[in-house]
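Report on the following structure.
Naming follows writing order (A, B, C, D and E), and every chain is counted from residue 1.
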Amino acid sequence: MDSSDITTLEELKSYLYSAMQLEHATLPPYLVALYSIKPGTNLDATQIIRVVAVEEMLHLTFAANLLNAIGGEPDLTVPGFVPNFPTYLPDGEQEFLVHLAPFSRQTIENFLQIERPSLAPSGVNKLVARREHGPFLHLGTHPRQTTMRYYSIGDFYKAIEDGLVYLEGEAQKQGKTIFTGDAGRQITSQYYYSGGGHLHPVTDLATAVTAIRLVIEQGEGQTATIYDSQKELAHYYRFDQLIHGRYYRSGDAIEHPTGEPVSVDWDAAYPVKTDVKLADIPAGSELHQAAAAFNQAYARFLAEITEAYNGKPHKLMEAVAHMFEFRNAMTVLIRNPLPGSNGLYAGPTFEVSPEAAGAPQAGAESLEVVA
Amino acid sequence: MTAREESFVALSVLLTGYDSVHLLGTGMAEQYLAILDSILPTGMVDDLLAAYQRLPQGPQREPAAAATILGDAKLGPVARNLIVLWYCGSWTQLPAAWRATYGAAPQDTTHAVSADAYQAGLQWLAAGAHPAGAKAQGYGAWALGPEGR
Amino acid sequence: MSQLEPFLAFSAEVTAFPIVELQGTGQAESYLQTVEDIVGTQRLDRLLVLYQSLPLATREDIRQARADRLRRDIFGSDELGPIARNIIKLWYSGTWYELPSAWTEAYGPAPQDVTFVVAPSSYVEGLLWTAIGAHPAGAKAPGYASWQWPPHIPPFAGDPAATPR
Amino acid sequence: MTSDTPFDAVIVGAGVAGALIAKQLTGAGLRVLLLEAGPGTSQSFNGYSRHLQQFYGATSKSAESPWPPAAAAPQPDSSDLRNNNGYFVQRGPDLYGSTYTRTWGGSTLHWLGVSLRMLPEDFRMHSRHGVGRDWPLGYNDLAPFYARAEHELGVSADVADQRYHGVSFAEDYDYPMQRVPLSYSDRVLGAAVDGMTVWFDHESFDLKVRSYPAARNSIPRGAYQPVGAVDLHDDGSSNPPLLGGRCQGNTSCTPICPVQAKYNAGKSLAQADRRYLTMLVQAVASKILVDPANGGVQGIEYKRYQDPASTRFTTAVAKGRVYILTAHAVENARLMLASGLTGPRGQVGQTLMDHPALYAWGLAPLAIGAFRGPQSSAGIEDLRGGAFRARHAAFRFDIGNDGWRSTTGAPDSTVSEAVMSQRLFGTALRDQLANLLSRQVRMSLAIEQLPDPANAVTVDPQYLDALGNPRPVISYHIDDYTKAGMVAASGVARALFRRAGVQDFSESGNGSWFPSVYYQGREFHYHGMGHFSGTHAMGDDPQQSVIDPDQRAWQHHNLFLAGSGSFPTMGTSNPTLTLAALALRTADHLVATLQQ
Amino acid sequence: MISSIKKTSLAEIKARLEQHPIEAVIVGTGISGAIIANELTKAGKNVLLLEAGPGTNLTLQGYNEFLSNFYGATSKDNQAPYPVNPNASMPRSTNLRKLQPGETDSATYMVQSGPYVTDTNYTRVYGGTTMHWEAKTPRMLPEDFKSQTLFGQGVDWPLGYDDLEEFYQVAEREIGVSADVEDQSYLGVTFPKDYVYPMKGLPLSYLDQQVAKRLDGTEVELYGQRYPLKIRPFPQGRNGIPNDKYDRGQGYVPVGAVSNHQIEIGERCQGNTNCVPICPVQARYHSGKTLAKAFQRATGSIHLLVQAVASRVVIDPVSGRVTALEVKVYKDPKSSEHETVTIAATIFVLASNAIETPRLMLASGLRSSSGLIGRNLMDHSYLLSWATMPEICGTMRGTSVTGGIIDLRGGAFRRHQAAFSVDIHNDGWGWAVGSPYSDLTTLVDQYNLFGPELRRGLINRISSQLLLAFMIEVMPSESNRVTVDPQYTDQLGNMRPVVSFTVPEYTMRGAAYAREFARTVFARVGAADQSRYDPGDYGYVAYNGQGYAIRGGNHLAGTHVMGNDRNRSVVDTNQRSWDHPNLYLVGGGSMPTIGTANVTLTLAALCYRSARSMLDQLQ
C-alpha cells in the first residue's frame, strides 16, 4: 500500500475538504485579473478567464457534492479556508506563489502554472517532500503527512478516486456503502448558474468517479489531448491561447494553436497593487471601509454557500445572485487609486476572518435585503 | 347611533385614515350616509357595509380592503366617492361605465353637498390649514410654522 | 489631475455617492474631461472654487446652511446651475445632456454640446442603476432568477427615508 | 352754477371709484344719485353672509362664485374661457382672461386688496423707455392723492418696505396700518431668494421677498380707526361693524373676505352722507342722452328691474348737473359706444389692457404651511422697473398662500388625484395629503402690457344681453413686448425655485385650460389679473385722448369717465389704488366746480 | 456552440452555380428561413441563403459590436444596436410624427400613409427580427383558429389547433422554450399527456409576485361572464433550467451563444433586462442558433450570401413558375454600388417577413390572382397603462417580461370586442415615457433635487414602477395594407414599403375596455395610475371621446394569407403560392388571424409543416 493511499472514511473527508479549499483558492486570483481588465477591452481574455472561473465554482460544488455523498459536512467558514495571498499551490515541477494581481502576461503565466497538466510518472510515489515555505498556506498537501505534498493536483484527485474505490469496495463486502449522505443535499444543475447539464448529483461510486474525472479533465487536462471528454478545451489551454495570441482549433497540437487570432492588450488593465492588503489602505478612509465591507460581504457569501451545501440547495441560486453583486463591488475597488502607491490601484483583499463574517449562523439572515 | 351608522363610520375610518372622533366631530356622518342612500341603488350601501364587515383583521386588512372594496367594479367607485365626500364635502358623478351598469340616480351629479360640508372637509385638516373663507386661524397665525395633520 | 479631486468632492456631494464609488465607475477622468471640453476649464474652476468656499457641515444647523448655500449659489445660478445639474446626470446616466438654450444664448455655444453617451462603458457604469438596486439593461446582469427576490437597494448616508426629518 | 335738477351728480356704478366720489360729494353737501346695475344684497351683514354661504356651497370656488349676476346685469365668468360663450364676445386672436363683478360694491368685493402705487417711471413710459405713452400727470401730482386713497381704503404697509424704484413718500408719512405679517412660506422662500441677483443686459437687480401694501385691516398706526364690516339696511339705518377690524387669515380675499377685513367699496358708501345720497340698485344705465348741439349730457336712461332672476324692467331717465361713469373700464366704454359716443378719433374702448399673468407652482422641500393666511402676503417688486423696459415688459410676482388653488383647483384636485387616480385610501391617503398640501407653493407672474389701439372693446348690434343692451365685444392680442416679458418672468421664477429647492410643476400646466400664447417655440398659459384699463385714456391733447386729467370727457363738458379706463398705461401696479387716487382728485375738482 | 458559419463570396457562389444547381433559394435569415434551411439540409438538399444585411454578427466580436452600439446609443430603442444601412433599411421608431388627415410621411424607410402611424418594426440583419425579439412564445388558442365560426369576427384558419400541435412541439424544441405545462394549460390549450417544455419556466419577477399577491383570485365581469384573474408566467424562448423529464426523460441541452470559438455563455438567462433590443449573452433564442446547426451539419451544401437584396421575382409567364430571382449584391453599406445577379433554383422561399415579402412580390409586379398580396396587414395593437406600486418592487430587473394576465385572451366577449393579453413589464415605464432617464431629468431639472434627496427620489420613483402592456387582438381588414409606390425607393433603387393602417373599431373597443381593466387592476393592487396619452403622440387614436396612444407590436402578419380557396388566399396550407407552384411565401404573412399570441412560435410551427411539403416537392 502506497503512503498516499486513503484508508479511512475520515481521511477521505479531509481530502475532500482540501479539494474544496483548493478549488476555491483559485477563484480570487482569477477574479481580480478578470475585473482589472478595462471595460470594452480584451474581450477574448475576458471571456476566457470568466469561463475558467465559473468552472472552478463548478469544481468546488462537485467537491461539496462528493463530500456530502459520503456523509460529510462542507464548511467554507472554517478559519483558514480562504488563503492569505500570496499562497502556494502545488505544481508538477517547481514551487511558485499564487498572487492576487491584475491582468498581465505575468499573471496569465502564473495561471498556466496553476493549471499545468501533469501526473506523476507511473511507479513513482505520488508524494514528494515538501519544502518549508514560512507562513504561507499550502494546498494539496497530504492531510496526514504535513511534510509531504502531491506531485500535482491531478495526483491529488487520483488519490481521492482510488480512496473512493477502495473504501466503497470494502464497504460493499460488508453489504454496506460509503454513500450514505442525504441525496437532498446534492447540488444539481438546477441550482448551478451556468452550463445546463454539467452538474450532476453524486449518489454512488459511478457518479463519484465521473465527477472527479470531469474536474481533472476540465482543469488540468490530460497530457495527451487539449480537449476534454466533453470536447471542451482544458483550462490550461484556454489560458495558453492568450499567451500565443491565437485560438486552438480542433485537431491542433499542444502549444500550436492555429485558430483565429486572439487580440490581447496587456496594458488595458488597472494596475492593481499585487496582493493588496487592508493594511495598505489608509485606515478610516472611505476606500478602507469599502474594502473591509467587501471582505465582510465575501465572508457572508461563504456562509451562504455553506448553508446551500448543507441541505438548502435552493440557497445557491440566491448566493449566485450575491456573487454577481461582488463583481460590482470588486470593480469599484479595482478602479480606485491606492493613495501613496505611485499610481497603483486598490482591489479586493480577500482577508476573510471569522470576525469579518460576523456570527457564524447570522450569515444568511444578515444578507436580508434592504428594500 | 344605529349599528348601521356605526358601521358606516367604521368604514369611513378605514377609507379616510381619520379616527371616528374626528369623523363624528365634523357632524356630517349622518348626512353623508343619507347622501349615499339617496344616490345609490337600493341595497348598495348595505353591500358596501357588508363588504367592510367581511374584512379580515390584522395586516391583511388594508390589502383586503384594496381588493374587495376599492378594487371592486361596483363598490370601488362608490368608496372613492365617499372618500372625496369626507375630504372635500362634494359628490363626484360616478364614472359613466358604472352609471351604465348599476343605474344612475338623478342626484348623481357633481356637486358641493352644502356649506357645512365644505367647511367640514378633512382636506384642510390634512393640510394643517383651515377651509378657505372659514375657521380662520387668527391675525398673524400665518407667520408661524404649520402644524400638520 | 489638479481638478479631479475637487470635481470628485463636488460630484460626491451632489450625487450622494461616495468618492470610492465614483472612482469605482472608472469614468471620473472622462467625465471631468467632458465637462471641461464643453463648458471650459475656467467656468468649471469657478464652480469648484465656489463649492470649496461653502461652510463645512459639522453640525446639523450648518448642514442645512450648507445645503441652502449649495442650492442658492450653485444650483440656483443661471450660469453654474445647468452645469451642476449636467454633472449629476452625467454620473447617473453616463449621458451628457445638451445645455438649455437659455444657457447657450447667455454664455455661448460649445460645438460638442449635444446630447450623447460619453462612452459605452459610461452607460454601463451609470449610478442610476446602482441607486435603485438594479443593473443597466443589457449589462452587469444579476444572474438567473435573481429577479424573483426583492431588490437590494444599497443604503446611503443622508437618506431622507432612513432619517426622517 | 344753478341747479335745475334734483341732483348735482349722477354716478353710474357703485364700485370703488363711484363710492369714493359719492362719499366726497355728499360730504360736501352735494346731492348724488348713484345707479347700480346689480343687486344691493351685499349692503347688509345678513345679505353679505348669504353670499358667503353661496361661496361655501358652490361646486366651483371661482372668483365669481359668491357673486352670481342678475339676469339683467350679466358679467363675465372665468369659466367662460373654456368655451368662449359667456357675456364677453371675444374676437381674439387671444382671449381676454379677466372678469369683474356687477353688484353693489363692484369688483372690490372679490379683489385681493393689493394697493401698490405706480412707479414714477410708469407715468413716463414713452419718455423714459420709448414705448407706450406718457401720462398727463406725474407721480408727484398723484402722491397726495395716493396718501388719501391709502387712508380711504385702509392700507396696511410699512413705508420702509415700499421705497424702491423711485417711489417716495412725504417725510413724516406712513401707511394707516402696519404691514400684514409675512406668511411662514414667504419667509421660507425669502430666506432662499433674498440676495438673488438677476441680470437683464447690463443691469442687475437684487431680488427680495417683500410685503406689499394691502387694503386689509391690520394693526392701526396712531389714531387710525380701521373700518370693519358694513351693515346697511333698507331703511337707511346702519349698525356699527361687529367684524373685520383685523384680518383673521381666512385665505379667501378672492372671492370673498368673510369678515370684510379687506376693503370693499361698500365701506366708503357706508360712510357717505346719507342725507345727500340716493341709491338706486338694479338700475342698468342703458343710454347717455346727449345734446347734439354742444355735446352736453342731458340725462342717462336706465332700466330698472325688480327681480334679479327676471328680465322685466321699466325705463327711466336720471338727470343731474354732471354725470360720472364709474361703471368699470369695460362697462364705461360699452355704455358710451351703445350711446353712439365714440370719443375723439373713435378712441373710446381702444387700448384695452390687462396684466396677463403666468403661474409658477411647485412643491417646497419642506412643509411651508400652505392654505393659511391672507391669500397672499408678499411679492417680488424688484423687476417692476428698469432700462429693460425699452425691450420687454416689466413684471411683478405675487406669492400665494393658498397652495395650488388657482392653478389646479387644490386642495380638491389634490384629493381627487390621490383618490380617483392614485387610488389611495386610509392612512396612506392622509399621509400623502398632509405631505403634499402643506408644501404647495404658487406664484403669479403679472406682466405689463402696452396700450395698443387694436385691443379694444366695441359693440355689435347682433350681440345683446337680456335687456337688449349690447354686450362687450373684445378684440385682444398679446404682443411680443409682453411675451418677451413672459419669457423673462418665467426664467426668473424657474431660477428662484431652483434656489429654494422647489420642485417645479409649472411645465405640467401644458394640458391646462387656461388660454395660451406661443413665443420662441414655447407655450405660455396665461390668465387675466382683472386689471382692465385704458378704454378711455386721459391726456393733454383733446385729439389723442378721451378725457382730460380731471377725467372729464373732451367732447362732453358735463361727463366724467372715472376708473382704470382712464389710464394711458398701467405699469405693473394693481390698478385699484391709482384709480382711487384719480377718483379722489376728480372728486376735489367736482366739489370745487359744483359748489361754485 | 462553436459554429462554422462562413459567408460565401459572390464569386464562389457564381462558380458553384455553374457546377451544382441550387435546389432551394431562401430569402432571409430570420427564423422562418433558418428553420427551412435547417430542415432542407437535414435531407441533404442544396441550399442558398440570401441575407440583405452584412452579417457582421456572425462572429462574437460582431455580435459584441451590436451590444456596444447599444451601450453607446443615446436612444435605446429597438433598433439601437443595429447600424443604419441604406441598402437594407429598416423601420425605426425614433423619427415618427403625427400625420394630418390625408398626409403621407416618407421621411422614414417604411412610408406611413396613415391615418394611424405605426412604430412597428423589424430588423434586417443576419438573424432577422429574432435579434431583437422579446421571445415570448405562447401558442394560439384553439378558439383563435375559428374566430369567424365562434364569434363572427375575422376569418377561420384552414388549419386547426390539432393540426398544428405536433409542429408547436418541434418549434418549442428548436427555440428552446422555458415554461411549465401546468401554467400554460388554459382556455382550451392542451398538450399531449406527459409533454413537458424543454426547460422549466422562468421564475416570476418580484414585481409580478407583488402584483399577484393582491390580484390573484379576483374576478372581472364582461358581458355577463366572470373571469377570474391570475398572474401567470409566459413561455419564453430563453434558456432556463433544462427539464430532465423532457423528451421522455432524455432531457434537453440548451443552446448558448453561437460563436466561432469557445465562449460558453448564454446557457442560462442572467436577467439582463434587455431581451429587446439585444440579449448580451444570447441566452435568448435567435435564428443564428438554428443556422449554426445547419452549417455544422452540412458545410458543403448550404451557402450564405450576405449583402444580397432580392429585388425581383422572375416568372415564366406561361407556367407561372418562378424561373429566377434577381438579387442586388452590394459591396459596402455606405455605397449604392452593386452587382445584379440572377439566381435560378428548383424552389424559391421568400422568408423576409410580412412587410418585406409582399413588398418584393408587389415590386415584381406580382399581385396574386386573389389580389390579396399586401392586404389584411395585421399587427397587435399595444395600449400601455402605467402606475406606481405602493411599495418598492425592484423594477428594472429580470427579463423584459416574466408574467402577465392571459385570462382575457379568450371568451364569449370576443363577439363584441377584441381579446387581449397583458404583460407586466419588468423595465418600468421605459416603453411609455422613457424611464429611467426621463425620471432622472425630471428630478434633476424640474424638481431641482440633488444629493440624498435625489437618490431617494430616484429609488421611490423608479423602483415602484408598474407598466401593463395590453397586447390587443387585431382582425384582418383588406384596407390595412402594404403597397409600393415607384416614387419611394431606397438607395439601391428598390421600392420601399408603403403602409396604410386604421386601428379597427373592434380593437379599439378592446382598448377602451383595457384602459378600464387597467384601472381595476391598479385599484386592486393599490397602484397609483400615472397614465397620460398625449394628443400630439404619433400613435394617438381617439375613440368614443377618449384618446389612447396605440403602439405597434412588431407582430406583422396577414399579407400573404393562407387558405383553402385560391380566390380568397395567396398561399395554400403549405405556404405555397397558388399562382407560382415553385414559390413559397413563408412567415407571419401566411397567418389568417393572430389572436393574442405573439406570432413567432406559430409561424415557426407553420414553417416546419411547410418544410415537409418542400421536401416532397424536391423529391
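Note that contacts are C-beta pairs under 8 Å (C-beta built on N, C-alpha and C of every residue); 3 or more make two chains touch, one makes a residue touch a chain.
Just so it is clear, the structure is predicted and the values come from calculations on it, not from any experiment.
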{"item": "Steps in the shortest chain-to-chain touch route ending at subunit B and beginning at subunit A", "value": "2"}
{"item": "Other chains in touch with both subunit B and subunit D", "value": "E"}
{"item": "Other chains in touch with both subunit D and subunit E", "value": "B, C"}
{"item": "By mean Cα position, the chain sitting nearest the middle", "value": "C"}
{"item": "Chain pair with more C-beta contacts, C-D versus A-E", "value": "A-E"}
{"item": "For subunit C paired with subunit E, centre-to-centre distance based on mean C-alpha positions, whole Å", "value": "39"}
{"item": "Whole-Å separation of chain centres (CA-atom averages), subunit B against subunit E", "value": "48"}
{"item": "Distance from the mean Cα position of subunit C to that of subunit B, given in whole angstrom", "value": "45"}
{"item": "Contacts with two or more other chains, residues of subunit E listed in rising order", "value": "68, 241, 268, 270, 392, 394, 448, 453, 523, 526"}
{"item": "Where subunit A touches two or more other chains, by residue", "value": "40, 193, 324, 371"}
{"item": "Sequence positions of subunit B contacting 2 or more other chains", "value": "66, 70"}
{"item": "Touching pairs among all chains present in the structure", "value": "A-C, A-E, B-D, B-E, C-D, C-E, D-E"}
{"item": "Complex interface listing, subunit E residues touching subunit B", "value": "213-215, 218, 220-221, 516, 520, 523-526"}
{"item": "Subunit C - residues contacting subunit A, complex", "value": "18-21, 23-26, 119-121, 124-125, 130, 133, 140-146, 149-155"}
{"item": "Subunit E-facing residues of subunit B, complex", "value": "63, 66-67, 70-71, 73, 76, 97"}
{"item": "Residues of subunit A defined as touching subunit E within the complex", "value": "40, 43, 47, 51, 54, 189-190, 193-197, 232-233, 238, 247, 259-260, 324, 371"}
{"item": "Of subunit D, residues touching subunit B in the complex", "value": "52-53, 55-59, 61, 181-184, 187, 218, 246-252, 256, 258-259, 367-374, 377, 401-403, 405, 411-412, 414-416, 419-420, 423, 425-431, 433-434, 437-438"}
